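Before I ask anything, let me first share the structure, which is written out below as structure tokens.
Labels run A, B, C and D following the written order; every chain starts at residue 1.
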Amino acid sequence: MRKTGKAIITCAVTGSIHTPSMSPYLPVTPSEIAEQAIAAAEAGAAILHLHARDPEDGRPSPDPELYMQFLPRIKQSTDAIVNITTGGAPGFSEEDRMAGPLRASPEMTSLNMGSMNFGFFGLADKFDWKHDWERELMLGSKRFPANHNFALIERIMVELGQGHGTRFEYECYDIGHLYTVKHFADAGLIKPPFLIQGIFGILGGIGADLENFMMFKQTADRLFGDDYMLSCFAVGRPQMKFLAQCALVGGSVRVGLEDSLYISKGELATSNAQQVLKLRTILDALDIEVATPNEAREMLGLKGADAVGF
Amino acid sequence: MRKTGKAIITCAVTGSIHTPSMSPYLPVTPSEIAEQAIAAAEAGAAILHLHARDPEDGRPSPDPELYMQFLPRIKQSTDAIVNITTGGAPGFSEEDRMAGPLRASPEMTSLNMGSMNFGFFGLADKFDWKHDWERELMLGSKRFPANHNFALIERIMVELGQGHGTRFEYECYDIGHLYTVKHFADAGLIKPPFLIQGIFGILGGIGADLENFMMFKQTADRLFGDDYMLSCFAVGRPQMKFLAQCALVGGSVRVGLEDSLYISKGELATSNAQQVLKLRTILDALDIEVATPNEAREMLGLKGADAVGF
Amino acid sequence: MRKTGKAIITCAVTGSIHTPSMSPYLPVTPSEIAEQAIAAAEAGAAILHLHARDPEDGRPSPDPELYMQFLPRIKQSTDAIVNITTGGAPGFSEEDRMAGPLRASPEMTSLNMGSMNFGFFGLADKFDWKHDWERELMLGSKRFPANHNFALIERIMVELGQGHGTRFEYECYDIGHLYTVKHFADAGLIKPPFLIQGIFGILGGIGADLENFMMFKQTADRLFGDDYMLSCFAVGRPQMKFLAQCALVGGSVRVGLEDSLYISKGELATSNAQQVLKLRTILDALDIEVATPNEAREMLGLKGADAVGF
Amino acid sequence: MRKTGKAIITCAVTGSIHTPSMSPYLPVTPSEIAEQAIAAAEAGAAILHLHARDPEDGRPSPDPELYMQFLPRIKQSTDAIVNITTGGAPGFSEEDRMAGPLRASPEMTSLNMGSMNFGFFGLADKFDWKHDWERELMLGSKRFPANHNFALIERIMVELGQGHGTRFEYECYDIGHLYTVKHFADAGLIKPPFLIQGIFGILGGIGADLENFMMFKQTADRLFGDDYMLSCFAVGRPQMKFLAQCALVGGSVRVGLEDSLYISKGELATSNAQQVLKLRTILDALDIEVATPNEAREMLGLKGADAVGF
């Protein structure tokens, strides 16, 4: 693992799995997304990981025009790095997933490193749903795997990586995903440093036990040596523990309402910024410094905020 | 890990990824499958893991009648345990995958514990293909993930496990698959002892590094304690090393032309039995005893050879 | 590892390796030791791990009368658990090491689980020494191993453990020390729960890399299952990182000027309490609760403050 | 770990812990030691790790003249590398331990990397002892640690390493010993490649569980990268399993009556060569090639058989 001396905070502002009925604080409209993103950046997030949602009912949307309603506003108010999902949401076509990133040409996008079962159907009966699509989304996760096949991964690397100079947050939900990053690195399609985002606790992926974190890191160390930077998070309750764990070994961290809706046991976070601030309290207590957006740009070799399409 | 004192040898006779153009020794017709299976049992395999193939061109087939052309013959000649795939082959529907097992009602079936990228497209240009379907199969693995979603897994557990008293070879291609086994165990759909089959080296799954074996075992130990038996294999060249590794820690082993076509570097195995015998040489050298079929039945809690549908 | 839900803070107030020339804040006289111990308890330490020193020049002393100058005072002012070293200091005879504990009959003593090289000679030329004995102590560590042989360990278990109902802080400086605890547990000389104190970063013992922490824990899990509680610390600079790490997995923690003289990089801690408070800031940020002395007594099965000899 | 493609077999012919009453096959006289060493070399050992014993009663002896009764004979009959102990035996003075190696100026000596408890007192009541010294040796191991302090290690590195061009078999009985090798490497006293000999199963050191082997290797990988070659063994019953394990990951192996008196469960080995041959059966079964003495010389950077003092 490349030691950088400072932790990069990514804030994943809204995602596409959590839904409006789960928390009134989940940002949904372009305005809400922009406001929470900006506040998260002010709280210390160097990278803003963003999805778009339909402002009407909050469902995930691939519409590039929605992205263009909040991206410029974010850019005006902060120098944080914009990172757009290519994972999209269940049911998105390949074109849907490419549309926003190709339009925005951001400094970074996420890149899921493997197909997998991605099960959150356990939530189906735990909420009063305002919208039918919400429960259907939950139930669908029992039947439909997340499709991040090799051909799509390669397409993203070529069109966004080579075509737009966009660099990636390699989302790895299991050990095998690290080997898939290695496969593409060996094939010459991607260049270091790799920002490996380890994700723990999705049903279908590697579990949120801290033992797994260390195994994950040791595997990445073996595969990539100093050619990668490690970030990680766990979904749901162990979120903050994993952030502390990754920061302890010198890694970076990702926080935000995409990953957990809570600020402490049973208590909803009222904003993304609140989670960022809580994380900063932990990092401060551990004497770990936080990277500014421009420090993160340098560490990650990004093309710069002037080279984006918004 | 439950220590059983003896290693159970599974032989995976033909599978559905290797194709006739890759090796003339790959059994394809019901006769060839029966003969190689019986010879493998005579060489020491307690479990025969079986797929059916179209006798015309060797392509994987879901046809239950094909199974019925070799299963009775195997049963007559050996007391080895029959284990039928539920993974089928790329392109099989859910019904295709269930057809053979439901017809045969075997003591065991395989059960893939998660959807994943399953990439062997690297082979597409390494052989002279006799049949068009062979190269298409290779290339398709770049685009189409293996679909083993939660709903299908549950269906297999209910229809075959509860309905037929069939027990499972839980095929785990990554750490997350262990958590999925745990999910279903916690839900009460399956009972110990669990035969966990760790599979290493598929592009898309956990890699064939021995460090991973130990991580895999430690995770399973943490999740299942003494409620599981461990078997494992790696595909391709590191096959025998992984078998030795798993046997060294007191585990069981799976060998066969489904997993590797070779007997040593660059040399094709001429039969499944040849691989079983090579494996036995290793086990003998390590003073590791091999379980008979009936010992394996007792260790695994199987319903017995009299209770199958063939 | 037994999960207890709360972290027990041990404060090791002065030890016998650090010396007065290294820090003016190191408590040396009975008064200083008592004051700092009491303040540490008020700051949240449930266990006070204590050594005595000669009030004249600060050198480690086995004199039981010195212990009796601060133990009663500590008992009057706090209900914290008193834990007396049996490791003593370089040059102490076996009788020296037993004298204080036998006189005080405390609820706990430390118990070093193995002989080892214990090298701090690197410090010999880094300070201006006020006393000759200080530099000699440093240099001696190159030549003289720490002697904690099996016979002495057994004697402590019999005379203090069985004779006085004293329970132990099992100081483990390497993986082999865990096996030595296991050896004595299997022999029936000690009973669970075992408070395993993992110590990282002594030259001669296991290094202060976080990877080692997880290996250490996994080994202890394998050897002791739920029969042990884990505490840990690292000496010197990585002190707080190891405390955070151990607390993250649900373990307990040890802090204090015996283990590190610093409060942050290059800055001396002005008291033991200051370190305890810094540690509490970390635990608070991680939402980890701290055990009271009486909660710790119950968790550890101690004989109680009324049953001591002071 | 440096991958060398071939396994180096070391045979530790007699040692100083096992005694004549334990096995009639333990070589004791110069003649017996020479004969068994030569036969072990013929069976495939590239390195002969040697101790001297008093021909009268078999007790370990530091007498250089005894070494000179078998070393020349071994040199005449084989080109195997001679490796002489610097660990000596319990009770040896520093001068005792240096005497043989300084006289013989061998290509290699062993070098114990840390003081430790080294307990084999459990054997005291398991044999009918012919000689009083045997039982005393066993019992003494409860009271007297093995003393391999930093000053002695440094002396050996300077006098033998720098003075005689002798290279070392770094005997590491626990994780901390790896850090001690690192300490001296960082200090510039020793140069790569380091032959790290991991020893598992001594009471007082790391236990003979295969999980520990992988932790040990991963730690060494982290500390030394490609600057070390790994060899390992376990004492007693798990001997062959550890040899297979180490060979599986591409490491080297050490066998011999010093490490285990048995050839299989309950059956004494009748010679060192018998153990070498059994090991070769395992290596052959695993398709692992064995290094010749000259290949081993090159891999280890030795001074050559012409540059020794016998």
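Basically, a contact is a pair of C-beta atoms (placed from the backbone, for glycine too) under 8 Å apart; a residue touches a chain by one contact, two chains touch by 3 or more.
Just so it is clear, the model here is predicted, and its values are computed rather than measured.
A.B. asks: Rotation angle, chain B onto chain C: superpose the C-alpha atoms of these two copies and give the value as a multiple of 5 degrees.
C.D. replies: In short, 180 degrees.
A.B. asks: Could you tell me which chain lies farthest from chain B when each chain's centre is the average position of its Cα atoms?
C.D. replies: Max centre-to-centre separation from chain B belongs to C.
A.B. asks: Can you check how far apart chain B and chain C are, centre to centre, with Cα atoms defining each centre and the answer in Å?
C.D. replies: A distance of 52 Å separates the two centres.
A.B. asks: What whole-Å value do you get for the distance between chain A and chain B if each is reduced to the mean of its CA atoms?
C.D. replies: About 36 Å separates the centre of chain A from that of chain B.
A.B. asks: How many angstrom lie between the CA centroids of chain A and chain C, rounded to a whole number?
C.D. replies: 42
A.B. asks: Hunt down the residues of chain C that sit against at least two other chains at once, touch-wise.
C.D. replies: Answer for chain C, listing residues that touch two or more other chains: 211, 218, 222.
A.B. asks: Chain D touches which residues of chain B in the complex?
C.D. replies: Within the complex, chain B touches chain D at residues 210-211, 214, 217-218, 240-241, 244-245, 248-249, 264-265, 278, 281-282, 284-287.
A.B. asks: Quick one: in the complex, what on chain C touches chain D?
C.D. replies: 114-117, 119, 121, 141-151, 154, 173-176, 178-180, 182-183, 202-207, 209, 211-212, 215, 218-219, 222
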